[in-house]
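Common to both upcoming complexes is chain A, partnered first by chain B, then by chain C.
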Partner chain A sequence: MKPVLQKILAVLAGFPLAVGLLFFTFIATWLGTLAQKDIGLLEAQHKYFESLVYIGPEEALFGFLRFPLPGGMLLMSLLAVNLVLGGIVRLRKSWSRAGILVMHTGVVMLLVAGWVRLEYAEDGSIGLLEGERGDEYVAFHEYEVAVGEIGAEGVVREWVVADEALRAASGTSTSTASFAGQPLRLTLSGFALNARVVPAGVMPGTRSATVDGFSVQTLKPEAEAEFNLPACYVTAFREGDSAQGGILWLGARQPWTVRAADRTYVIELRKRRYPLPFSIELVKFTHEYHPGTNMPRHFQSDVLVHDGTGAPQPQRVRMNEPLRRDGFVAYQHQFRDTGSTQLYSELQVVKNPADQWPLWSLIVMTAGMLAHFVTKLVRWIVRETETLQAGATR
Partner chain B sequence: MSARNLWSFGLALVWTGGVVLGAAVQTPSAQTPSAHASTPTDAPRRTAPYDTELVAAFERLPVQSEGRVKPFLAFTEYLLLRLNERRSFTIPDSEAFGELAGQRLSSVEWALDLMLYPEQADTYPVIVVPDRDVLDLIGLSSIANTKRQRHSWNEFGPGIERLQEYAREYGRIEEDKRSRIQNLAVYLFHDLVEYHNLRSAFAVFSGRYSGPRAQIVTGAFTDGDGVIRPTDSLRRLDRLAEVWRELSAKTEPGATAANGGEEADSIGQVIGWTGEVMEAAGPLAWLPPAATGQEEWLAPKALFDGLLRDGNEVWDVRVGAIEHVQRFADAARNPVALATAGRAFVTAMREMSSPHAAIHDIDAEVSYLRGDWFGKALYCFLFGFLAAAASWLRLRSKALYRVTWALGLAGAALVVWGVVQRCVLLDRPPVSTLYETILFVTGVAVIVALFIEWIGRRRVALSLAVLLGAVGMFVAYMYESHKGTDTLEELRAVLRTNFWLGVHVTTVTIGYSATLLAGFIAQVFLFGKLFGAKRDDPAFYQGVVRMVYGVLCFATFFATFGTIAGGIWANDSWGRFWGWDPKENGALMIVLWQLVTLHGRMGGFFRNWGLCLMAVIGNAVVAFSWWHVNALGIGLHTYGFDASLYAGTMIFYGTQGLALGAGAFACWSERRALASRSVDPDVAPAKRTLLADV
Partner chain C sequence: MILSRTLTPTACAVLLAACGGSDRIVDVQEARAVKRPAPRLDATSAERFAPPRSESAPMGGSQSGAEPFAYALPQGWAKLSRVPMRDINLTAPGEVQCWVSVLPPSSTALAHLARWHGQLGLPAPDATAIDALPRVPLLGGEAMRVDLRGADGTKRLIASMLLAPARQVFVRMEGAPDAVEAQLAALRRFEESLREAPVVAGGDGSDEPEPAFGWTVPPTWKAVTPGPMMLQQFDLGDEVKCWLTLLRGDGGGTENNIARWCGFAGKAPLGSDEIEALERWDVLGARAIYVPLLGDDGKPGLVGIMIPLATHTLYVRMSGSSGALKGRLEAFKTFCTSLERRT
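And now, the complex of A and B:
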């Protein structure tokens, strides 16, 4: 058993695996970059860089040749193992290899930072008009179905059906959601990531299911995933009453209204919302263009941060200078001139536990690379000088 | 809207009559003041060269264009480059051009001709049409059939209107989805609009009002010779507007001459004519703003609007500038008076602009443009390469070696000086645009190659330094000519002021440069072996391989550092370290390829041949990252999109493919020859599984 384990370890720590992994990571990066033209960045990211295996290239060679190839997740996981075993643990420890050891440690830190970002980070945006205040941000690529009970003063309680349950309702599958103590149960089906609602039967590709003469027509996902408009069918089962069918669509102007046991609910499909532990109030938005052009030169948001513990704190958010607080970072993302006196500013909000890890890994890697490559440079200069002197002597 | 602004708006409506409003692209003819403008029948012609001081003064005239204040020289150079694909224009050696035949005009001299002697300049064949199909498209088959690529404004004639229709139609199609001819039609029309805008920038001010004059108009202009010039009207515009308002307020709509309508109409006609003249002077913004805090410079039309809005008290100094231009335009027939009036105009404008910080670098920019450092560097490198080539033929010639060194160093110094001047002028790191990457990549490659030569003295790196310097400067020249836009351009907000951005672009570009250098040194190995050069000197090839390896290590350091620094910048700007954007991926691919090569070398999979072949592929990887991704038309921060770059990239891939093929063939030949002798010194005796033989 021991020799087998040693052989496995030798393979996992070996140079052939390292070179192979780096080569296939190169191939995945190349094909994933070209694929963005056909399937958009987000789709390419999932398919090529976050997968174990993918079939590529997107445009088949000679019109028919495509291959199963290792995906980014598999490659980078193995690379981390290979680095730790071969580049750190089994690396012959000597002063001449100290730089390599440090360099590899930095790369492992970077890979771990990337994994933490992928698994645990949340991001979205918060858009505010001047004078507005917000305490939640909206995800870019995640969705949810929100069910709100209407009272005398609008929505009094709210429940959500999460993104995972919504996406599970695609194809022939359905998702069911019930809400404690409420006389309402929802069944979701026919989820499409990008769709539009059309009169039934008028467009090719329209699904057979219809609601009030309308169907969900599935569309190709947008290259810019933010512009996708998902849709699904929903059936509301009301206590003591018949079921009612509807269509939920991100592009709908109004939520769907359902009455059940003398209660009124509004149901909508929307982008997922995440709460912030503080609220942001946009006091003033300033923007400048390069004179005589429509090219932005500078834009910034002056905000007040309210955390409920004291006086609101003023903060300026501008390009390359984000607001950092409680593990969240808000970046000046974009703005819109609404044509009114009030300007609209959008801040990108990110919660990433590994926020500054890449910087630390860069410092470590740089130290290692400097130690290693400067040593090599000096050796090369010495050798070349000696060769030159030997030639001159001859 | 205040009452005053309301009146201004009413006045504007009076004179806008024939001007096309809301058109996406204004037809050149729409801007010509037609109403009541006297057209000179005997247009002035230039017969003598310009006074050199006048030209030098105009080079330094501050104007605002493309978001920044720049010298007139910069404006005209890039306009002429767009139109003529050259920075100067030589008048054809034909009798039709009289005394000026064969004269070479600088861009400013050509612009002065266009502004002061438009009828004459309209005969200059200065507009390049790169494809005759465009001329056929707009019904100009007669000139399409000539061999010339350059045509005069007059030759376009009625074709301009057809071109406008096509440009409008094609303009609705996204740029990367248009055919080549459609793109050329759109670009040509835009170029002609710019030509026309400059054509009328000064000449219109020599016009005279020739419309109806009611008694009130005659009474208002009693202080001169009775002739009403644009500035006569501008000097009293607020009073004229006041009178017009009073008369209009008293007059019923549709009033006739009998009840005061004629007087209001007559005043309105003068104001309207003045507005048309100011509109026809085009969008060239050469009037500094009234207050020092303001940044947007004014075209004459904006001055007219300002006078109506704020009154003469605020804007009278700027009317003085128009008077200078008017005197300058009037002096077109008298070279001596022209020189005096021109210099006085530029002096007045520079004084007027002096409170504005934006003009402080004008003289430095003129010095940069006139210096043409990169053009001079190109010549140094070219001659250096000739000297290097000669020295290869006569290997022992120390003189040629020294000449190559001197020219290489001079070229490098010129590139560095040019890049430093750009940094000072723009107040930003050396690399922010695609054009700047060419300069920087070339400069770094040359300096690193010269350093290697200084250490090793094998003549290989020196020859490559001057060759790559010449190629790099030529590519920079071609890119600039192809784009035809100001290379000292302003940047979008996200590309300004960030430490990590400056570190990233600089270091990653050094990585590009060194990777390319390693690839080209490797080609010395491959082609040397292919052609049997230095067959008896294995130490030479060992030295070359050490160079390739050393430069690759250098490249790996900078490419890796630069790529991660880019991620840190992205994290600071958008909150994400890595977004799989094509440009990011391109940089990562370079790093990965270098790591494959270096680890392959360390693992014994690649030896001399393998290392050199991998380095050549590295060149293609750099081309993908540097140029190809820009042609993909996707990504968040890919800069310098240009589909036409695609062809150039493909050609480069082709050359590297040839080098790779030639190298592989040479490797195979050598292995076969050695195998026949049962000796293979380049293959390690231990078992090698993966590419061990290469």
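And now, the complex of A and C:
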């Protein structure tokens, strides 16, 4: 191997790099935690823990000092490389070090699980009143434009323009969506993550376009990201007819109606919905407060899971006892006291391909530590026994 | 109207594309079979965008767009982020919490009272308890006033219940008994100040022509693209910005706006005496209120004036670090006093 490559490998596999990475991980955790009060949980998560580099802290030191620092994604990626190279590949292989090798493998598994969770997990929530049944869950921070075709029994088919295309329609960019075989094409523009739709002229001086007497007024994103109300402009190009303009807004009370070639469509901007391969029916929700406070002591949902193959299966969902099925995990998330006898239970639903990987990695790490400590203990006992025997012989 | 609906967004899309932005092409092949009742078809824009109950904030008030009522924030109180079931969420000195909830008519007064009794570890009230509750004015109606102390003596709950056919409004205050006692007068003032936020319907709601203004820009100020709601914005260097906004009417109220500005500058809201004592400038023929909110040099600051006009209120604000703002106060005053009506 060339000397330069060897040097790079030595640095990447070295202990000093590991110590440095852990130090900057501590800094990112510290600053990211403090930042949550200024920029909200989601933004802090993106900025400090899912980035390659961030500029911090939020409150400049001495009023002006802020630094570019390595973000969580960069730190964890380098740590994985460091562990693989230094803790697995270059580790001197012997039975006495087998436990360490297994431990490092477990840590790498944990890091990979985190990355898979970040890149591939889909999460949201499903809210149910007692007696209600749902078969889709709603994303917390992703949106979509849904185009529903009206048939004899209401909305019968639905096409969805995904979050990425919607967000791409911001600034001077647009997104144009066509729908297989449909006489309709939509061009989205002027996407704003948080907005309100106001009658034109109510906010003098706004530069937004006016459609049917209304404009989109962009607002600063909310610190609590789930309170954002995104909006965008839309133009429907209809086959054999003129274009029709409108505004889509998450806070709209009714969808936008468009007719094209004798078909009727309802178009709305909404939070992204994920279908479930089964449905969940809330049978009973129970909760209890700590006496004299509004702090819940415990709360749980008794649900029935309908998968269409047989009798519905009862399941209790509560803290640390989620519902696991078909790769989905539903946790008891929160509830809302509506002030009436009916309570609204919200389950957080996560589809995470790496759902159980952290557990497996912990098992691997535990096995590694056990192997290492047992090996050490055995060697110590053998050495002490030999010393004692040698003393007795003398 | 039809022309506006058709051509404006089309023109926007074309212009945006022509300005150098990109156009992402999406071909949605997959259709999901669903079965849902048809929503209301052909709703007008005014119907679609009429503010929902929880979004009808006063124009010019909080930009969170979430509070259903306008109100005056008592001195020493602060706004908190909205949380579920708290349409207005406030905190008062002594770790006292106060919030306003608006609910659909979902339950009886006795059921609400019983729930609160349960939360405080008190025995369930009997049916006559409701008749015994005193009444207080709230939002033009008569609300039932509940005053409960927890069984262990550590907590006091005060609630005003306004149960109308269309909705139920609750003002709640909770905290340690002594701390709640100290806030009773402020709570009363807060309740008295609560009023419906103006409902935005179609059209701009006024036939008054929109005023226009002229001004003299100080030599070092540089005009930059105005943000939303701004008439004009200037970059003054050192991350100091100055901008003008114009709102209809009183723009949500002097006290509310000053409280919001104080929040921005990291200061406690000014009381009415302090607001009364603020310097006044003669601008555009009106007595403009000058609001300097400055701290230590490194801390964020805000300097602004509110100019009440016949149909609108014009605001000029300058923000940045307090140290940078202090060096620009003269230029700010020169700019403000140079303002003139153009129509």
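One rule holds for everything that comes next: the second predicted complex is superposed on the first by the 331 of 394 C-alpha atoms of A that agree within 3 Å, B and C clash if a C-alpha of one lies under 4 Å from a C-alpha of the other, contacts with A are read in each partner's own complex, and residues count from 1 in each chain.
Keep in mind that, in the parts below, contacts are C-beta pairs under 8 Å (C-beta built on N, C-alpha and C of every residue); 3 or more make two chains touch, one makes a residue touch a chain.
Worth saying up front: this structure is predicted, and the values here are computed from it rather than measured.
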| item | value |
| --- | --- |
| Contacts of A:F26 with chain B and chain C, given as first, second, both or neither | first |
| Contacts of A:V329 with chain B and chain C, given as first, second, both or neither | first |
| Touched partner set for A:P3, first chain B, second chain C, both or neither | neither |
| Touched partner set for A:A223, first chain B, second chain C, both or neither | both |
| Which partner reaches more residues of chain A (counting touched residues only), chain B or chain C | C |
| Which of chain B and chain C A:P68 touches, first, second, both or neither | neither |
| Chain B versus chain C as contact partner of A:W380, first or second or both or neither | first |
| Which superposed partner A:P296 touches (first chain B, second chain C, both, neither) | first |
| Which superposed partner A:G246 touches (first chain B, second chain C, both, neither) | second |
| Doubly contacted residues of chain A, that is, touched by chain B and again by chain C | 223, 289, 291-293 |
| In the complex with chain C, residue positions of chain A that touch it | 60, 62-64, 147-148, 150, 153-162, 165, 168-169, 171-180, 187, 189-190, 196-214, 217-220, 222-224, 227, 229, 233-235, 242-247, 249, 251-257, 264, 266, 275, 289, 291-294, 334, 336-342 |
| Chain C to chain A touching residues, read off their complex | 1, 4-10, 12-13, 16-17, 19-52, 55, 59, 63-66, 81-82, 84-85, 101, 103, 106-107, 111-112, 115, 118-121, 150-152, 154-155, 168, 170, 174, 200-206, 210, 226, 228-232, 244-248, 297-299, 312, 321, 323 |
| Partner chain A, residues of chain B touching it in the complex | 64-68, 285, 295-297, 455-457, 490, 492-494, 496-498, 501, 539, 543, 546, 550, 553-554, 556-557, 560-561, 564-565, 567-569, 571-582, 585-586, 588-589, 592-593, 595-596, 599-600, 602-605, 624, 629, 632-635, 689-690 |
| Residues of chain A that touch chain B when the two form their complex | 15-16, 18-19, 22-23, 25-26, 29-30, 32-34, 36-37, 41, 44-45, 49, 110, 113-114, 117, 123, 223, 289-293, 295-299, 319-320, 322, 329, 331, 333, 348-350, 352, 355, 358-359, 361-362, 365-366, 369-370, 373, 376-377, 380-381, 383-385, 387-388 |
